Structure formats: C-alpha cells, structure tokens
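Paired with subunit B in one complex and with subunit C in the other, subunit A is shared by the two complexes that follow.
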Partner chain A sequence: MTATQPVAGPGTEASDQPGVAGPTTSGRKPGGDVRETLYFALRNPKVLIGAVVVLGFLLLGLIGPAFLRYAPMDYAGPPMAPPSADFPFGTTTFGQDVFAQFVAGLRSTFLVGLLGGGVAAVIGMTIGFVAGYRGGLIDELLNMLTNVVLVIPGFVVLIIINAYLGVRSVPMQALYIGVFSWPWVARAVRSQTLSLRSRDFIDLARLSGVGVGTILRREVAPNMYSYLFMTFVLLFGGSILTAASLDFIGLGPTNAMSLGLMMNQAVQWSALHLGLWWWFIPPGLGITLIVGSLYIMNVGLDEVFNPKLREM
Partner chain B sequence: MRGYLARKTLVYGLTFVVAVTLNWLIPRLMPGDPVQRMVARAAVQHPETIASMTQYYERMFGLDLPIWQQYLNYWGSLFRGDLGTSVWLFPAPVSQVVLDAVPYTLGIMIPAILLSWVVGNSVGAMAARSRWLDNVALPVGYLVTAMPYMWLAILLAWGFGVALGWFPVAGGYDFGLVPQWSWSFAWDLLQHWVLPFLSLFLVALGGWAIGMRNLIIYELESDYANYLAALGAPKRLIRQYAFRNAMLPQITGLALQLGTILGGALVTEIVFAYPGLGKLVLSAIQNQDFFLLQGTLLFVVIGVLLANFIIDIVYVLVDPRTRTGLTGATA
Partner chain C sequence: MLTLNQLDKVYKTGTFGTSDLHAVRQVSLDVQRGEVVSLIGESGSGKSTIGKMVLHLLDSTGGTITFDGRDVTKLGFRARRDYYRKVQGVFQDPFSSFNPIYKVDRTFETLRQSYFPKVSGGEWRSRLEDALAAVTLEPDDILGKYPHQLSGGQLQRLLIARALLLDIELLVADEVISMLDASTRIDVLNLLGELKGRGLGILFVTHDLSLGNYVSDRVVILYKGRVVERGDTSAVFDDPLHPYTRDLLASVPHLDRTWEEVEAEEAERTRRLAGRCLYHEAAAAQGRSLGEEAASAEGSAPGEVPDGVGLVEYAPGHFVGCFRKAAEAPCPAA
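And then the complex of A and B:
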C-alpha cells in the first residue's frame, strides 16, 4: 500500500491507543492532550468501527480456544459437512473443524502482525532517527542501505530463506518479515526527523549537553508519536498479508495453524471444485476484515491527530 | 539529471550484488551439510544414486573450493547465463525452464499493473472532494487493498470458474491443446488469462485509488491551488494541475509497489495453476528443486531492478526538476 505521509500533529501522545478500554497512563501531567485525543478518537466512526472489528477478532483468537471441543487438526466430525450448529464453519474433506482452525489461525495472524510489525518498526525508526538526526556520512550510508533493501523484493528473499533454512515457527517467520519491511518507515521517519532537527528546542537540548539517544527519545520522537503509531498499524497489516502469502505457498509454520495455511490446504485438497466454500471463505475474509479495519482505523486516526482533517 | 541517474544506477548495482550474494549465501547457512540434506530430502534409497547425487551437488556447490573461489565461480556462471540444471525437469537447464515461464507472468503482470494504475488514479482523482463517491470508494478501496491476493483469486476462480462456469480455472491453456499460432489457441489462451489478470488488477486498483485521492486532497489545499481559486480559475483547471502534481508520488509509488505486486502475481498464478514463475516457485519448493527455485527468484530480482530503472527514466521524462538538477525525486 502506498503509504501517504500523514502530518504529525505536535503535542499528541503515544499512549492514546484509541478504543482500548482500560486505564490509560494516568498521573501524566499534561493529561489534557491524551484526554483530547481520546475524546476525538471515541467520536470518530472510522476509529471506532476499525477498533471494534480488530479487537473482536483478537478476543476471539485469545479466548476462543478455551471453548472449543476439538483441536485444529483433530478429525472431529463427518467430512465435508456444511456449517451447522455443531460445526459453525463446517468441516474439511478430512472432517476437521474449520472453526477450530480459524480460531487457532487468528492467533498466528495477530502474533505475526505484532512481532513482524514491531521488528520492522524498531529497525525503521532507529535507522530513520539516526540518519535524519546525525546527517553526513552516516546518513549517506544508512540511506544507501535503506534504498537497497527497498528495491530488493523482500518476498522473494523470504521465500529463499524459508525454503532453505526451514523457518517454520510463527515468531521466526515474523522476525524475517520484519527484517525486510522497514525501509519505507526509515525513509519517512528520516525526513520528519530532518525537519525537526533544526528547531529551537532541539538546539536547546543539545546545548544542555544531553546525549544523542536522549535527545531522540525525549525531544524528537514525542513529536512524531502519532505518526509512529500509525506507521506501526500499517506495518502490522502488511506483515499479516505477507505471512498469509508465504503460508499459502506452503512455506508456513509446520507446528501451528494459520489463516494462510488454511487457504493452502483448501486449494490443495480442491475445496474449490468440491464447492466447500466454508473452508476457504472464512480465512481470507478474516484477514481482509482485520487488515481492512486497521487501514480504515488509520484514516480515522489521521483525522484525530490532525485537526485540519476533522470533519466539521 | 546525470547525477540522478548515476545515483540510481549505483543503488541498483549495489542491490543486484546484495541480492546475488544473499542468493549464494543463504543455502550455505543451512544447518548441517547442505549436500547431505539435499540428498536426504530427495529421499532416494539406492546407494549408487546417493553417491552420484552427492557428487553432483558437491560439484554444483563447488564445496571443495575455498569460499571466495566458490563466490567468484557463482558470479562467473551467472554471467554465462548458467543457472544450473533443474532437478525436477531433469535435464532441462534452469534458464530455459524460467524463460519458458516468463511470458505468462509478464502477460498478466504488465497489463494488470498498468491498467490498475491508470484506472485507480482516475477513480481516486474523481473521488477526492466528492462526498458521495468518496464515501463509497474509500471503504471499498481499503477493503480491496486489504485482501490477500490469493483469496480474491480463490473467490474469482470459485465464482466465475466453478460456480458459473464462464472461465476455465486451471492452466495457461486447455490441456488438450498444443501451443501453436492459431485463432482457436489464442482464444483459449485469452480465456485462461482473464481471471488471473482480473484478480491481480482488482487488488492493486484499491491502493492506487486511495493514494491518488489523498494526494489530490493534499494538492488542493496547497498555496498554488488557493491562488488559482482566488484568481477565479475554473475548478476543472485547478484539479488538472493538482492531478499532474499528484502523479509524481504515484510514479514513485509504482516503483515501490513492484515487489509486492510481484509477490501477488506469484500466489495468484498458484491459485490458477497458471504456468508462470509463481507455478515454478511452487513446483520447485514441492519437488525440492533448489536450483530451479534460486534461478527463478534471481530472474525475478533482475526483473524488478530493470522495471525500477525504467520507472526512474520515466520519472526524468515526467518531472522537469530532475532534469535541471533541482530537488525533484530523492534517490
């Protein structure tokens, strides 16, 4: 997806994950910002709908397995049974419970999104901050590295890595996905850091003699928290899609169920020709809804963080 | 302009070296003895076969040589166009197998990329600042971009292929036909092409439309647009200027998206058993044919680099600033 650059509204805070119920960081002095952001977030239909869908699926993945009678790979019932009260999503050609697979797959999906997106965010932001703040030779080198990784088709390298090294656990898969999806983040963060570097308050911080790391953490990053959070949301969705493609090719985890793997098996065992739509529709629909909601939530967040975009 | 192209060439050259090096390095990072593993994976029982396979792989990898020599040899054979021999389609050379599959992949990718880009940009430009269209196009666009490529392909194959029976769902042409230059074969080829093309086209469409919409809105808020409006210029004219300016990031976006679209093409082909590179990747993985896998993927990398370079040249033609050495695109 083409990542358009939302303008980071200064003064917004990172802890305001909209829609997340529960205590936000209390005791923070300038709590007005958080409260204001939350106020607009909770009144933004895009953020609300997106968050509800994503959290709904997350909840299903987290607590769903506790209520299941069958494990994902158990031969639980009659083969090729359409959805019924016993098997809400029907069964596979082997009589496996599709719903049990779906719920287990959701877990892998969220894990891949969280880890893959997290790794990519950390690498991209670190490189972006350092390149943008330090400038000079370091910037040139990091920029070159970013451009090289940007042009390499990451998916292709992931195929080679997975095929040879047999990376077959969800966390490892997520790690490798993260390692190849950071470049656009680094670029965007670098250009924003570049524009912040020459501001007065940064000069002041430098004069006071604190280290580069502290300046980046305390002075530069807080001005971009909203942007960084939205970046992470995009990376989260991207990792999920990449993982689904890898799983579908047959390079998915061998010790876990995933939504991509479900589609792989459905196609492999000709669910299309047998008309077993309940087998291949749920996994793809689940991914589409999760990732689509994330994207729509991001548009809403953009409006929350950037008052210019708010509909009056 | 020369500086711009030189910089780009340097990046692509470097990327190529890195990609080839990764391609060479990763198999050597395999835990244990790669040759033994390959032989074990092939699951043959005959001692003689195992011995000959071991020898074959050892020669292929050149494992008896010092490591720098192995690396140089790899480059040497690469420039001679020698990508090894396919184990799965023995004794066909990998380069031949790949070249046979390339037209199919390009045949769905190039029209899908270009058409989705053109159509997506015009839809996005229309949707910007038009409330009704925006409310429809935006959510639909986001949902379509969020679809995994293979899922849309599966849905199309099931709906239009299996359920309605309008299009064939597997292969590049009817299995009963022999490839030849005739109208009936061309027609058959076209019928098999429709669904893979359509699914690739649709997924890519949403992203371009959304990108264009956001860019146009951004452009319409800029000073020059406000100035034109203040002068009383017609809305059409202002939008035209906005569109032309918004094109530039979209061209850069095209270059950035190539890798993703390519991954999409690979999995789409697998759904439709379309005889392109994606099918080769799958067969190579399933048959543990690593030379074929590496050869195919190397080809893909070269293709992406070439396409990136072409887009850069287009960018120079479209954006006058890069020609005069002003800011323009950052490398």
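And then the complex of A and C:
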C-alpha cells in the first residue's frame, strides 16, 4: 500500500452497497453528508409516507382555521347532523362543527408534540452528554437522578399534577409531559457519549485547549445527529399520545380544543350509543395516523442513517 | 525540560472501587531538549498511561510532573491551555484521531480558533502550508479531504504538522508508528529525527524495541507499571541487565547474527547474573542490608523510595531496578 492510495477508514460501508450510485461518493459515515442522507431519505417509502401524512396534518392544522366559517365551540348548525357539504365531519350533540374542532385540535396536538418532545430532548440530551463525557461523580449523580425519574410512574404523577395544579393550558401540559419523558433519552445518549469519548479525536480536541461545552457541541454531538433526530421523532409521538390519554380521562386543557378532548366529550355525551361515529372517529384516527406515521418514519430514518439496513 | 518524579497512577476497580490497580508505580524519568526518550514496554505496562498523564488527559494519583522547572501536575483550564502551547501529543491510531464526519482541515481550524483567533486567513494559510511542508505533505493533496480519503501515514504526518503549528517544545508520540505500513513508517521516523534536530524533546512511547533503538537517545524499559531499567540507548541495548530487558532483547531477531550466537551470549549473561540482583547489591554496598530496606519500605519513611521500585546507577547513565519481575514476586537475591 503506498502513501498515495486512499485507505478505507474504519466504519466505511462502501462494500455493503454495490451498485448504489449516489450523487456523492458512497461509503461516508452515516449522517456525514447531508446530500447523501437526503438522497436516501427521499427514496425511502417509509420516510416518504410518514412525512407526507404528518406534514399533511400539520398543514391542515396551520392553514385550516383560515378557511373555517365557525369557531370550534360555536353552536353552528343542527345538532347531531351527519357529515354533509356544510359540515364535512358532521356536528356534535350541540350542533358544534366537528371539523372546526378537529382542525383546532390538530394545532394543539402538534404544539404538545413539539414542546413536550423538545423539553424532553433538551433535558435528556444535556444530562446524557454531561454524564457520559464527565464521568466520575457527576455521572453517578446524574445517573441516579435519571434512574429515579425512570422508575417514577410518570403517567400517574402527570394525572396528579394535572388534577392538583389545575393549570390547564396546552403549553403547561406539554411542559409536564416533557419533564417526565426524558430518562431513556439521557441513558441512550450517555452510553453513546461514553463510547465516543474514548476516541482519539476527543483527546486531540482537548489538546487544542477547547472547553467541555465546545467539545460536546462540535465533536461529540455531530457524530450522533441522526440518532438525536430520531430520538426527537419518538419523543414527539410519545408526547402526543400521553397528551391524548390525559385529555381523554378529562385532564385536558380547559381553554383550548384538542383531539383527546374531542374524544373525551364524545364519550361524555354518549356519542358511542347514539351512533354519532363522526364525532369520535376523526380525532381517534387523526392521533393514530400522526403517531403511527411518526413511528414508521422513525424506522425509515433508521434505514437512511444506517446503510446496513437499507433495502436496496 | 520535562521531569517525572515518582509518578503514580492507581485505578479503582471492583464493584465499589474497593480494589486498586497500580497502572504506574513510582516512575521517574526526564526528557531534555533535542532528545528522544523511548518509553518501551509491553501492553499493559503503563507506557500509554504515562504519556496521557504528561498530556493531562489523565490525572495522576501521586508524584509530580515538572515542565521547565514549573510543577504542572495539577493544572486548571487556563493553565492547561498554556501548557498545550508547548506540549502536544500524537496518538497511535491516525484514523480515530480525526472526526470522521468532517474534513481534515477542521482539526487545524479548531486549533486556530482556540489559539490564534487574531491571525488572518491568508497568514494562517501560509503557516499551515509551512507546517505541511515540514512534514513533506502537499497542501493541495491534503486539504479539503475527508480522513478516510487519506492514508494512515498522511494522517499521522498531518497530526505532527498540527503540533508544529503551535511551536511546541515537547512532543508525546504514543505508538505513532505501529499502525503504519512499513513504507510510511520510515518517513514518520525520519521526521521525528529531524524535529529532534530542531531542538524538540520527544517522548516516544512504543512496544517495538528496534524502533526504540533506531530513534532514541535514551530508553526507559517499563514492566507492569514500574521502570525496570533506564539509560542511554547503547548502554541498555548492549548490556541489558534486568531479567525482563534481557528476555525482551533476546526475543528480537537480529539481522547480523544467527540465533545460536544470540542464545549463547544471552546464556552467558544469564549465568553471570543468575541469582543476583544488582539493585540490592548496590544498595548493600551503600551500607543498607536487604532487611533494613524492606523494613523502611514498610514504614515508608518520608522521601524514601519504596523498595522494589527504586533504581541504582549500575554504570554511568545506566540505571537498573530490583531484579524481581512482578511487583509481588520475591527478589531473586533474597
């Protein structure tokens, strides 16, 4: 082997995917090339389907209210009307427009996912990075904290907090959910950081007189961006599900509409017995589709970031 | 320039950190300007640990590290930044020394942001090209490439160039050759020799005896965390005294001598030194008997080197430790 001949670095997957003609050289580390990642992401059916469904609902939630004639709580039409041209999802027992409620509910659903997932991601990643990188006593303490929060029955505590504090806005609900759903992120990030920390380039960064924060931000985190992204997707879906469950048992926001709250009201007013299927099917289906698509997207992204899983 | 005095590294092992693992025991050595000192030992002998402690990548448990007369055993973040201006390291695996998802330029850019924020882009570029020229690399071939597009030898020389950008005085080279091909090895070795000529002190950590012989002025032989023999390269290689050093040297094939000749010479030396321990003989000659020394080690009088890790000067510039092998083994002379 001569000095001019490029040597395949450890972890290159060039040989794993013969015949793949990416726009750039294949055989780069996962997450290393944005263009290559995008190339595979846009050709992965799981990612595509998931993204289309989620983005479709997001768009509906964002621009839908602008085209609505009625507010979610308005007594707009005849009670218990089945879907029609005027009311695409029908009306409730009180003549409220189910479609208007659905569109408003989508907004709070995405808000809960974004905020709850974001809070959990920030807490979990910070604790994971610091614990994994610093090690020693700090690691022990943070690990203890993580394990304590992990064994707390989060959902039960959420019920109690929601019932006691009585702060019933969507952002507060998202915050509570975020504060209780980070432990597994912290553990996963910590273990990945532990393995990255022992690599020589981390030592070399330290020899460059760079501080801990900079090393974590510039050397450790970029190596696991793909993983962090997928973590966020999972947290996003998890927060939506938790919020819907809370809403359904009557601990939802008092000043806003959400998909879970719609189902809660539908059950309260015996929509099941009265056969008002248009009242509870749309919110239930909406939550299932969004969370399901997020999980399918997560599996697809796994294939995108990890060339060994690609089905091509 | 760099002096290690009775440096210790103890790892806590076991479930609750109940048992100790002595990775480095009472190691004392020094590196002068324009000198290559080889730290030779097998895997697990603590040689890399010593290198990492000198570079402050690991904390030492006991003993002192002095650089230019200043104690640098414990350094804060600021002081460590200044220390790294003068002391740099190059590691064994060039592929893992670069973040695989970035171009190699980024390693230099990190250095620039950290130490030379005021240097302009053009000025930095010319400095970088000078440093690359010093390690016989063409800037156009190297810059803008990813680590996996370059060979191990190129990457290793890049790392040395990185150290040169800082105008360092001491380089800790931790097994820099072992991952390289034979053809690129000699380039890096000659580069180290050239740097030595410029007045750089080099602590060369290796497990390869012939490399140690080739580049170094002095060698330190480590075994299980302690220095068993140390001295001028020629003295140690021509007349190895400690049983471990003799075993080590006897296992290296020679180009100019047959196996029988080497065996015969080694057998003669073994016969001469059998059942003896030069360390304790010298200690006894100084008026201390074995029993006294063992007793003083138990009590560990202040300033006293514990028995079994000290060295005596057998010949000028040639030090040897107690002839026992493992720390717990009995001395052959006892």
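Criterion: the second predicted complex is superposed on the first by the 280 of 312 C-alpha atoms of A that agree within 3 Å, B and C clash if a C-alpha of one lies under 4 Å from a C-alpha of the other, contacts with A are read in each partner's own complex, and residues count from 1 in each chain.
Criterion: a contact is a pair of C-beta atoms (placed from the backbone, for glycine too) under 8 Å apart; a residue touches a chain by one contact, two chains touch by 3 or more.
None of these values were measured; they are calculated from a predicted model.
*Asks:* Between subunit B (first) and subunit C (second), which does A:His273 come into contact with in this model arrangement: first, second, both, or neither?
*Replies:* A:His273 sits against subunit B, while subunit C stays out of touch.
*Asks:* Comparing subunit C with subunit B, which touches more residues belonging to subunit A?
*Replies:* Partner with more touched residues of subunit A: B.
*Asks:* According to the stated criteria, A:Gly154 is in contact with first (subunit B), second (subunit C), both, or neither; which is it?
*Replies:* first
*Asks:* Quick one: is A:Val210 in contact with subunit B, with subunit C, with both, or with neither? Answer first, second, both or neither.
*Replies:* Second partner only.
*Asks:* Once the shared chain is lined up, is A:Leu241 touching subunit B (first), subunit C (second), both, or neither of them?
*Replies:* So A:Leu241 only meets subunit B here.
*Asks:* Examine A:Ser84 and indicate which partner it touches, taking first as subunit B and second as subunit C; both and neither are also allowed.
*Replies:* Touch status of A:Ser84: no partner.
*Asks:* Contacts for A:Pro222 in the overlay, against subunit B (first) and subunit C (second): which applies, first, second, both or neither?
*Replies:* So A:Pro222 only meets subunit C here.
*Asks:* Looking at the overlay, what does A:Gly284 touch: subunit B (first), subunit C (second), both, or neither?
*Replies:* first
*Asks:* Just subunit B (first), just subunit C (second), both, or neither: which does A:Ser195 touch?
*Replies:* Neither: A:Ser195 stays clear of subunit B and subunit C.
*Asks:* Both subunit B and subunit C touch subunit A; at which residues?
*Replies:* 1-2, 4.
*Asks:* Which subunit A residues qualify as touching subunit C in the complex?
*Replies:* Against subunit C, the touching part of subunit A is residues 1-12, 27-29, 31-32, 199-201, 203-211, 218-219, 222-223.
*Asks:* Which residues of subunit C touch subunit A once you look at their complex with the stated criterion?
*Replies:* Against subunit A, subunit C makes touches at 52, 55, 57, 77, 80-81, 84-85, 88-89, 91-93, 95-102, 107, 110-111, 114-115, 146-154, 159, 162, 181, 183-184, 187.
*Asks:* Show which residues of subunit B lie in contact with subunit A when the two form their complex.
*Replies:* Against subunit A, the touching part of subunit B is residues 11-12, 14-15, 18-19, 22-23, 26-27, 29-31, 138-139, 142-143, 145-152, 154-155, 157-158, 161-163, 169, 207-208, 210-211, 214-215, 218, 221, 249-250, 253, 256-260, 262-264, 266-267, 270-271, 281-282, 285-286, 290, 293-294, 297, 300-301, 304-305, 308, 331.
*Asks:* Taking the complex as given, what residues does subunit A use to touch subunit B?
*Replies:* Residues of subunit A touching subunit B: 1-2, 4, 143-144, 147-148, 150-157, 159-161, 163-165, 184, 237, 241-242, 244-245, 248-251, 260, 263, 266-267, 272-273, 275, 277, 280-281, 283-285, 287-292, 294-296, 299, 308.
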